[in-house]
Amino acid sequence: MNRVLRFGMVGGGEGALIGDIHARGATFDRKSALVAGCFSRDAAKSEITARKWGIDSDRVYATYREMAEKEAAREDRIDYVSIVTPNNSHYDIAKTFLEHGFHVVCDKPLTVELAEAEELKRIAEQNGLLFCVTYTYSGYPMVKQAREMVQRGEIGDIITVMAEYPQEWVLHASKLSWRMDPSQGKSCCVADIGVHIAHTVSYITGLRIDSLCADMLSHGPLMELDNNANMMVKYTSGATGMYWCSQVAAGSRNGLKIRLFGTKGSLEWQHDRYEELQLALSGKPLQLLARGRDPMFPAAAAFNRLPGGHPEGLYEAFANIYAAFGAELSGILDGSGSGAAADYPRIDDGIDGVRFIDKCLESSQGGVKWVPYS
Amino acid sequence: MNRVLRFGMVGGGEGALIGDIHARGATFDRKSALVAGCFSRDAAKSEITARKWGIDSDRVYATYREMAEKEAAREDRIDYVSIVTPNNSHYDIAKTFLEHGFHVVCDKPLTVELAEAEELKRIAEQNGLLFCVTYTYSGYPMVKQAREMVQRGEIGDIITVMAEYPQEWVLHASKLSWRMDPSQGKSCCVADIGVHIAHTVSYITGLRIDSLCADMLSHGPLMELDNNANMMVKYTSGATGMYWCSQVAAGSRNGLKIRLFGTKGSLEWQHDRYEELQLALSGKPLQLLARGRDPMFPAAAAFNRLPGGHPEGLYEAFANIYAAFGAELSGILDGSGSGAAADYPRIDDGIDGVRFIDKCLESSQGGVKWVPYS
Amino acid sequence: MNRVLRFGMVGGGEGALIGDIHARGATFDRKSALVAGCFSRDAAKSEITARKWGIDSDRVYATYREMAEKEAAREDRIDYVSIVTPNNSHYDIAKTFLEHGFHVVCDKPLTVELAEAEELKRIAEQNGLLFCVTYTYSGYPMVKQAREMVQRGEIGDIITVMAEYPQEWVLHASKLSWRMDPSQGKSCCVADIGVHIAHTVSYITGLRIDSLCADMLSHGPLMELDNNANMMVKYTSGATGMYWCSQVAAGSRNGLKIRLFGTKGSLEWQHDRYEELQLALSGKPLQLLARGRDPMFPAAAAFNRLPGGHPEGLYEAFANIYAAFGAELSGILDGSGSGAAADYPRIDDGIDGVRFIDKCLESSQGGVKWVPYS
Amino acid sequence: MNRVLRFGMVGGGEGALIGDIHARGATFDRKSALVAGCFSRDAAKSEITARKWGIDSDRVYATYREMAEKEAAREDRIDYVSIVTPNNSHYDIAKTFLEHGFHVVCDKPLTVELAEAEELKRIAEQNGLLFCVTYTYSGYPMVKQAREMVQRGEIGDIITVMAEYPQEWVLHASKLSWRMDPSQGKSCCVADIGVHIAHTVSYITGLRIDSLCADMLSHGPLMELDNNANMMVKYTSGATGMYWCSQVAAGSRNGLKIRLFGTKGSLEWQHDRYEELQLALSGKPLQLLARGRDPMFPAAAAFNRLPGGHPEGLYEAFANIYAAFGAELSGILDGSGSGAAADYPRIDDGIDGVRFIDKCLESSQGGVKWVPYS
């Protein structure tokens, strides 16, 4: 299909970081156009965003409900909606758009309650609608390359996983943000970044958690919710892992790092060096694999735009998620079925994230005890 | 001015890397729209690009001359043209568009002959037209930060400059590309990447070359033009420097690296870690400054889109050049004069690049002797 | 005292790595001389070592018991003994020498059984004898510098500790070594390298473990004892930590790494970059502190031999431990008391290590449950 | 031969850094013993050193001449002398000991005048005496490994060499040291560290300089001699190189770095990561080779004492030079001839260093012009 996909956005008003990232990412390859939106409860902010994107004023909506209804009635209706609001509103918004027949892209974590996430899945399936949950890091080509390598057995069976995601912003925070607000969610750190660890590990390795033991901690005067969590996991394969996420780790900007140790070798990806992989095969020297320079498997190379040594960044990682989602959606809309099984995170990944948060809370609130994962 | 700038492109047909980078960069912030083009001599390729960018078929032109003439006659004519063709065509194309009253953005190196570059300057000035030459690396925020730091004296007076730009692609080349073809230019390596060293050093430090000594070398079976050059320079300030560029440096993807050693400290930026600066102030520990994390001067911070730890890459560096150029152009078009003296590389930088190539050739062909720079 | 200390060694016969390291370390500063030994049960091996060190043949002993007895009877008797045998013999040997009135240096882990370690302490105290346990990593000057910085509050109160010690040698092992042999010990990985994590963290921070949860695992065909352990700890201060040690981590030579995250900043030392510290103070750029280049506290600087940029390695770390032990011992022997409270690991550190192993075993064998530490 | 070699030292009195390094290095493996010396003109300092090394008082000499004469008359005379005095005294001292029949180890640079160096060679050859010049960096096992790899063709024919040795100490110097004093030498920076670049490159690659162009510069108030030098070289093979040495490079402790770019790959060794090599073979990922972990050629592996991950440092590099020299000397003394052609820097390397300094001076003082090297 050559038609450019039309999408609308809920959230992302002027000044909102993540909404702007989604909008640029979705349109990066000129295969989606942002044509409608309910960007903010503040009409002025919504207007600024609409103007920036050249959106007709009759497609700028005061409420997401109005947007869903009116778009559903248009002949040139949007093909999908992107939901980039705070977490506790995802459920209502997503449900509304699904019920009006729209495919959905939603930021993570998917919902606050596990039952909500599962209900969204049910509705999406009933209506035959796609549902993408934007776990950013799975959009990086070298994360995809890692997945290919691991799943083809290059490092053998995984023995242990060391994964972490430290940040430092809460150390410097002077007032509560919505992320830290217990009235808006049950977890801050695990919900915001712990889920990225869980997803990225799962995405690369395919490992399923069997049980976990999580110590969620809160440091500093502002905190009621967790801003640091230590976690041990056991996978169903018998492998084990340790996860650490923190928002009070001085010096850490955004340090997602995944290290996988297998029977034949180890593999490391870290966000600080996101265009590289470090590979240590047993009995061979350490190797540094660079995006665009060294051979990549087709499933990863397909997401390269620039040759080696020319960095692509976060916007491009988002663009990759939207590209895969868009490819599948186009194949549905034109009836060709091309793009089926495209590589983007789906509603099951969203549900897994909410379950991960729930299990961490259950473990931590029970005195940091092991909890089974099923 | 809120109007989106309209621009056309010469070159950049389907499959052309640099044209696509320009197009994405120019439109990244939704302040320029690509509305016309003469993308390729191959009409089919030109058509693919036009369709991708949603360009009306009557604005897809067979020749750049036709494009200049017909666009000049339109009421909704383009505001500027981007020239992304091989180097030896820059002069004719730029001259044509300047003569038809269009502002110009042109890739580097500006021209093959110095006299051509100087003539373009004369025409642009006579017609009151802006002329931007896209030296990529000056678009990175941390390069701008380095410039601010150096020019404010943070590392004192510069003693010596160590700058290099190694690549490896010629080692692996199996046939001549236009870059290597002596019928299309006088230099391969210095013209392609040596000029980036010269510009980035000049941009950060303001140092002017007084004399240089260059050894341009050609290795391997395919080469008639240089693919490796060793250079020593003396600046008018009394400082000295060593430059090295190479296209036969195994293991080097795209390794531009600038190290500045001053009386109070040293500063290092390298493309492999483009979001960082390494600062060594006398008597203090080494510091690693990270984009978006550590304080930046306003002139550099203005080009940040994402907070620290969220990488922006090459497309964004191009977007920064276009953003500054576009800001100045908008101020001219709306009569406000806002954006004057914006931070982007101009025609004088383009002329400097061509002179640098000429001086290297003069030195090298004269038996690697020192040549004065004025 | 200017007299060179005389010492003997048990273990360390030709081909033994650790004994040679002890011997070179002890004599590195010409303040101890190796004059007696029972280096091996293999008389030929023992002889080679004796000859290398210029030891009189009447001071080369067939058994450690003979050595203790005969040395005790000499006028020029050794001042101390170094015990560098496999772990399960430490107790008997150390006890014997203590009972004959010799000061002792012993490799880690101190003993197999906690009660044995505690008994050694009792005997040493009763006899007024020094007892040093050679935890290598506390001998590095930058580890000492880290200790000074932390204990002076430079990074504030510690929130969380991330510490690890991965190696890879068991992956490549083709037969059981004594370390892996369940008849010679209760733990392989935790006993060999886990104790280094516990000691180095304790040494730098002074944190005391309150409870821990350890998952000791065994991978591969050869193993009965642990070769990988994941551990969570809670300290009495309320801080938490995660420890990981492994001997099956492909690509890891000897990767002890300690990261400390405090309320004012973080500090990182890793053995791969053992002459540096990475310091991230809140609101300041990352700093890389280099041994001999950047200011060090006197208690750390006292152990520098070479200026910055001239690396000292493992032998010198051992030399530092022996230097401190020797200084205290000399002060005792000459009656001056100088060198008291010198900075070297003592028997309490040795006991702590054995307790750490025991607690990990108790936790792991109990189904990976939290166990209190007192 | 099992006899321990006896040696004496000229220079190296209490407080002298380099003498202590030599003494520890020479005795590190217990194959040489320091038994005589003329350590300082200051008798008290000389005495302290003598006592530290347990030297009989009748072998502590007031002048080197007395030492040469009296040692020559002893039955247990020293086998060789180590000369660790300031550069401008090397010639007289070495000549004296050679004339008394002693083998010599001398620090670099060998002499101030080229003719002096050549005369020392003549005398040594006439007397059949060994002469070692201690270029430190050739003692590191990974430098030896690099040599083996290059000379076996692993990176093909060398195209270009990038080598540098920046330090920063002169930036912080408040008074003249002997190194900077024009009455004691003709060069500071090139003589002290430039020669290490020249030797290390020559040692690894075997390349011979055909011509060079050097710009020797002096920055700051204290300087009359050079403290920064930029150099271009052409080798007889047709390869080229750039060398840079500096003592005013803020942030650089002791940054010798050698990068070799060949037709099949590139290889990098840097002192800051002295236990590693970075290898980039064409068409393969970057590899990091680690001492003791990855395969080494026998000629390099022979100098390993510790396994991978256990760092050996500067003392051990010196020990390696003395070990090779001592092996050859022992083979001569016992008549076996074993150890012939051992791997240590010889008088020809010393002569080359003095010539390198001379050629740099000739080039620089001639207006930075190319000078032929023969």
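As written, the chain order gives the labels A, B, C and D, with residue 1 at the start of each chain.
Rule of thumb we're sticking to: a residue touches a chain if its C-beta (ideal position, glycine included) is under 8 Å from a C-beta of that chain, and two chains touch if they have at least 3 such contacts.
The structure presented is a predicted model; accordingly, all values stated were derived computationally and were not measured.
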item: Which of A-B and B-C has more C-beta contact pairs; value: A-B
item: Chain located farthest away, centre of chain C as origin (C-alpha); value: B
item: Cα-centroid distance, chain B relative to chain C, in whole angstrom; value: 56
item: Whole-Å gap separating chain A and chain C, where each centre is the average of the chain's CA atoms; value: 44
item: Approximate Å spacing (C-alpha centroids) for the pair chain A, chain B; value: 35
item: Where chain A touches two or more other chains, by residue; value: 279, 286, 290, 293
item: Residues of chain C defined as touching chain A within the complex; value: 155, 159-160, 162, 164, 166, 168, 171-172, 213, 215, 217, 219-220, 228, 230, 232, 234, 240-242, 244, 246, 248-252, 261-266, 278-283, 286, 368-370
item: Contacting residues of chain D [partner chain C, same complex]; value: 2, 4, 17, 20-21, 24, 28, 30, 51-54, 167, 253-255, 271, 274, 290, 292-293, 305-316
item: Complex interface listing, chain D residues touching chain A; value: 279, 284-290, 293-294
